[in-house]
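Labels A, B, C and D are assigned to the chains in the order they are written; within every chain, residues are numbered from 1.
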Amino acid sequence: MASNLLCKLKRSVSAASLRSYLAEFISTFLFVFAAVGSAISARMAMSGPGAPAPDATSSAGASAASDAASLVATAVAQAFGLFGAVLIAADVSGGHANPAVTFAFAIGGHIGVPTAVFYWASQMLASVFACLVLHYISAGQAVPTTRINVHMTGFGAAIIEAFLTFMLVYTVHVAGDLRAAAGGKRGFAATALGALAVGMVAGALVLSAGPMTGASMNPARSFGPAVVSGDYKNQAVYWAGPMIGAAVAALAHQILVGPPDAVAAAAQSSSRHGNVETVVV
Amino acid sequence: MASNLLCKLKRSVSAASLRSYLAEFISTFLFVFAAVGSAISARMAMSGPGAPAPDATSSAGASAASDAASLVATAVAQAFGLFGAVLIAADVSGGHANPAVTFAFAIGGHIGVPTAVFYWASQMLASVFACLVLHYISAGQAVPTTRINVHMTGFGAAIIEAFLTFMLVYTVHVAGDLRAAAGGKRGFAATALGALAVGMVAGALVLSAGPMTGASMNPARSFGPAVVSGDYKNQAVYWAGPMIGAAVAALAHQILVGPPDAVAAAAQSSSRHGNVETVVV
Amino acid sequence: MASNLLCKLKRSVSAASLRSYLAEFISTFLFVFAAVGSAISARMAMSGPGAPAPDATSSAGASAASDAASLVATAVAQAFGLFGAVLIAADVSGGHANPAVTFAFAIGGHIGVPTAVFYWASQMLASVFACLVLHYISAGQAVPTTRINVHMTGFGAAIIEAFLTFMLVYTVHVAGDLRAAAGGKRGFAATALGALAVGMVAGALVLSAGPMTGASMNPARSFGPAVVSGDYKNQAVYWAGPMIGAAVAALAHQILVGPPDAVAAAAQSSSRHGNVETVVV
Amino acid sequence: MASNLLCKLKRSVSAASLRSYLAEFISTFLFVFAAVGSAISARMAMSGPGAPAPDATSSAGASAASDAASLVATAVAQAFGLFGAVLIAADVSGGHANPAVTFAFAIGGHIGVPTAVFYWASQMLASVFACLVLHYISAGQAVPTTRINVHMTGFGAAIIEAFLTFMLVYTVHVAGDLRAAAGGKRGFAATALGALAVGMVAGALVLSAGPMTGASMNPARSFGPAVVSGDYKNQAVYWAGPMIGAAVAALAHQILVGPPDAVAAAAQSSSRHGNVETVVV
């Protein structure tokens, strides 16, 4: 048992695996930079280029989406950014860019638990690094955290996040599954269109629930701003909600389209998670 | 005759069919959540995060799109959301997410009438459930219904909805037909691009006529908010208009590209409506 | 000579050709409805749902894009709408939806002159019909015409329209040429992506020059609103500019990628202009 | 050594190469027209169609994105415009439209240094020409330059530009590499989706950092407005930042997905840089 775990752990630090973690780092960096950067930029645009830099402590609580145009700005940034983030890492690490997605694939047996833990670490480090870059270099702007609307309870917010993440991760599964099903061979077009669907569904959901909970759907996206701003309030909501939604999505997808048969699963693991195939349990 | 109907009815409750209904449920839930949620969120964004929650009764009449930025927000949410909704159910149920689309396919003989009725039930239940989730969990926000501009008559609104739905459902037919025509084999790329076209045409039409009638083009999208808000005004408009437009679109498509020949029809029914092929009349 | 023309004319009224004209009608209707409808809707959204209907004569001069959010609304509507318009007619008529595009294909010899004239008639009728539907049914809203900025001359506006149309029609040629070049066989994915590129380039150009000239790039798009509003001012600008730009684009494309060889040309005419292949000169 | 350089130089002026330079010119013209034109148009839209033309000297310093809706307008224009720009030149010149991209491909050995220099010249000439067209024809509007937020240092801006360009050029490499990897044969769908990803990532990054540095990521995009407005301030930032970011992206891509093997490289050079294959070093 212990040697089995050790064996898995060993595989998790191969050269191919290290490339996967680096790909997840770049991918998550791009997504979090787009999500958090667009919230900062929309705020800067509204206050004008000549306005004084907002005080890092007092305005940290300002909503990232304080009017409809800012909501569109951050939703489009997340849609386009997640499209790119999923695509650029798709053939190296699977293009998760989201601990909840990694969790769903771990539950489904597509990725080993030790590898998933390293994925999570990469994703969270990338998120913190993206927020640090945005904070220290961009004139000391406060990094906006994902926040729950004042009229909403933490429990309600977690349920919304679970519903949102369910829809996002279900889309991720359809995109991945159909790709693998197409003769076991996946072209760039299918990968790109799957990534586009994931990005655009995320954008639609940010537009739907952004002013309610921030529409995080991604623990890493909430973790970085919390670390950099030092405001860890409601982190439990942004971890529990997405994880539950992702797990239910993985289950629902298996019920609706059936479990992947051996051939498709093999094709998927060798094509989707190219460099990490040896670490799949 | 009665036994024939009973036989069809029996096929409509097979395991494959139940999966189709569940897929329509998830698909319609995603679309209605995006459409109605974005209208609520745009309103919340405009009034600011610290504003009091609007009273559920008095503001039910507020327009979902009260300025151009809110119009863009809800149109983009519907474009991206419908893209995802059509895509995630495409290989299980055909990805209708709209009773008017189901009606058009029933007229064209692509789907049996009993199955169509179950599709409708799934779609309407999903819409009501999406609106309930948005209402009870999101700080008791009023659920905005699709509304007719005060300067417009119900008859005029029904005609606009018919025109809008004609364009949407014609696009649905082109997307479906071309897919099947490509050698009887449909890849993920064609499915995704067809879904993208359907979503983006819907977005363009919401931008064109949103402030006139709400640009519903989808009885389920209007039904859920009506049930949850208790305001059934103009429901007839949102059922008659889209149904007529969808029927004319099915007819126009047959005239323009000719009736599907036997091979293409068989390929379509077996590929597009994968799990429901046994229930096609 | 006369009999040759008669022969060509005869081919132009075959059943296949009539289908092409009907396809161009639907396609242009969708695009003009999106372009003009979004301008009306953005104006309605800005003035609020309860505001009095603007007087049809006095506000006809109001700009269709009176702030940045309205500009985004109409640009996105045109991008998404043109994507759909080109796609739904692509396999029947080639999906022009624009007299300038038809002109460029006539210059390049891809379509006969008599057929081109019927295409133009369909496109202009569709534009007028779309504007009539928008005007008479939508509470008597004034139909906004494409207008030249007060600081600009008609000559300058024609040059801008020529530059804009050059870029749009060059994109149309690349999309069409690459499709045909792919083994002489064009799948739905290539058609859809070509249409997407055409739509999105149009959207980018509306964002670039909308407040300058309206960024028409399409005589039909300017003709319908002029007829319905009775304001034919600057029609010469919206015909001369796009036609010149389209002609230069056809020429530039031939220089850059070489004239289509016989095989590719045959493949293109039989696949792109499916129903009109017998009328190609 | 000298004769070697002369030989390379000679190849750089072949007919195929001249076509490449012309393709880069058109491609960069389209992108810069969209980027700069949308900034001018958003400003015109905000001030209304009847407002006096802004004085060319005093308002040159006005931010191109003075509110969230303008930020969305210019980001979407760049996303859609870059998609088109990359696509229309992809099969002739590779579709760079950006000196930093050309630099990255020169570092990677995909394009010879003399050819790269001609690419740069084409790109910069195109940018200046696009800005001249926008300036002289559009009622003498001031051409907005990319500007650094007043709270930011030039060094910080260069670092942001480097990060932004890293993400953009990494995406360019993934799009190009995966295309070539698909059996050595690249279809229109893969080219178009790669171009779409590049455009959308650019759009996301403009939304993320537009109000900080203008999110140029492209020395040509900053060079044209500087020449036309006569304001060369911070040009060093807009050259150094992107070049460093592009170089690191080329390196990171080689580390993550390995160096292209001989077969893929040959396939890439013959398919991606069709007309310039003879000038590759």
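Criterion: a contact is a pair of C-beta atoms (placed from the backbone, for glycine too) under 8 Å apart; a residue touches a chain by one contact, two chains touch by 3 or more.
Model, not experiment: these values are computed from the prediction.
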{"item": "Subunit A onto subunit D, rotation angle from CA fit, given as a multiple of 5 degrees", "value": "90"}
{"item": "Copies subunit B and subunit A - interface residue numbers shared by over half, same or different", "value": "different"}
{"item": "Rounded Å distance between subunit B and subunit C, as computed from the means of their C-alpha atoms", "value": "28"}
{"item": "Whole-Å gap separating subunit A and subunit C, where each centre is the average of the chain's CA atoms", "value": "40"}
{"item": "Where subunit D touches two or more other chains at once, by residue number", "value": "67-70, 72, 76, 79, 187, 189, 193, 196"}
{"item": "Contact footprint of subunit C on subunit D as seen in their complex", "value": "19, 22-23, 26, 29-30, 33-34, 36-38, 40-42, 44-46, 48-50, 53, 67, 69-70, 72-74, 76-81, 83-84, 87-88, 91-92, 133, 137-140, 187-189, 191-193, 195-196, 199"}
{"item": "Contact set on subunit C toward subunit D in their complex", "value": "63, 65-72, 75-76, 79, 147, 149-152, 156, 159-160, 163, 167, 170-171, 174-175, 178-179, 181-182, 187, 189-190, 193-194, 196-197, 200-201, 203-205, 207-212, 252, 255-257"}
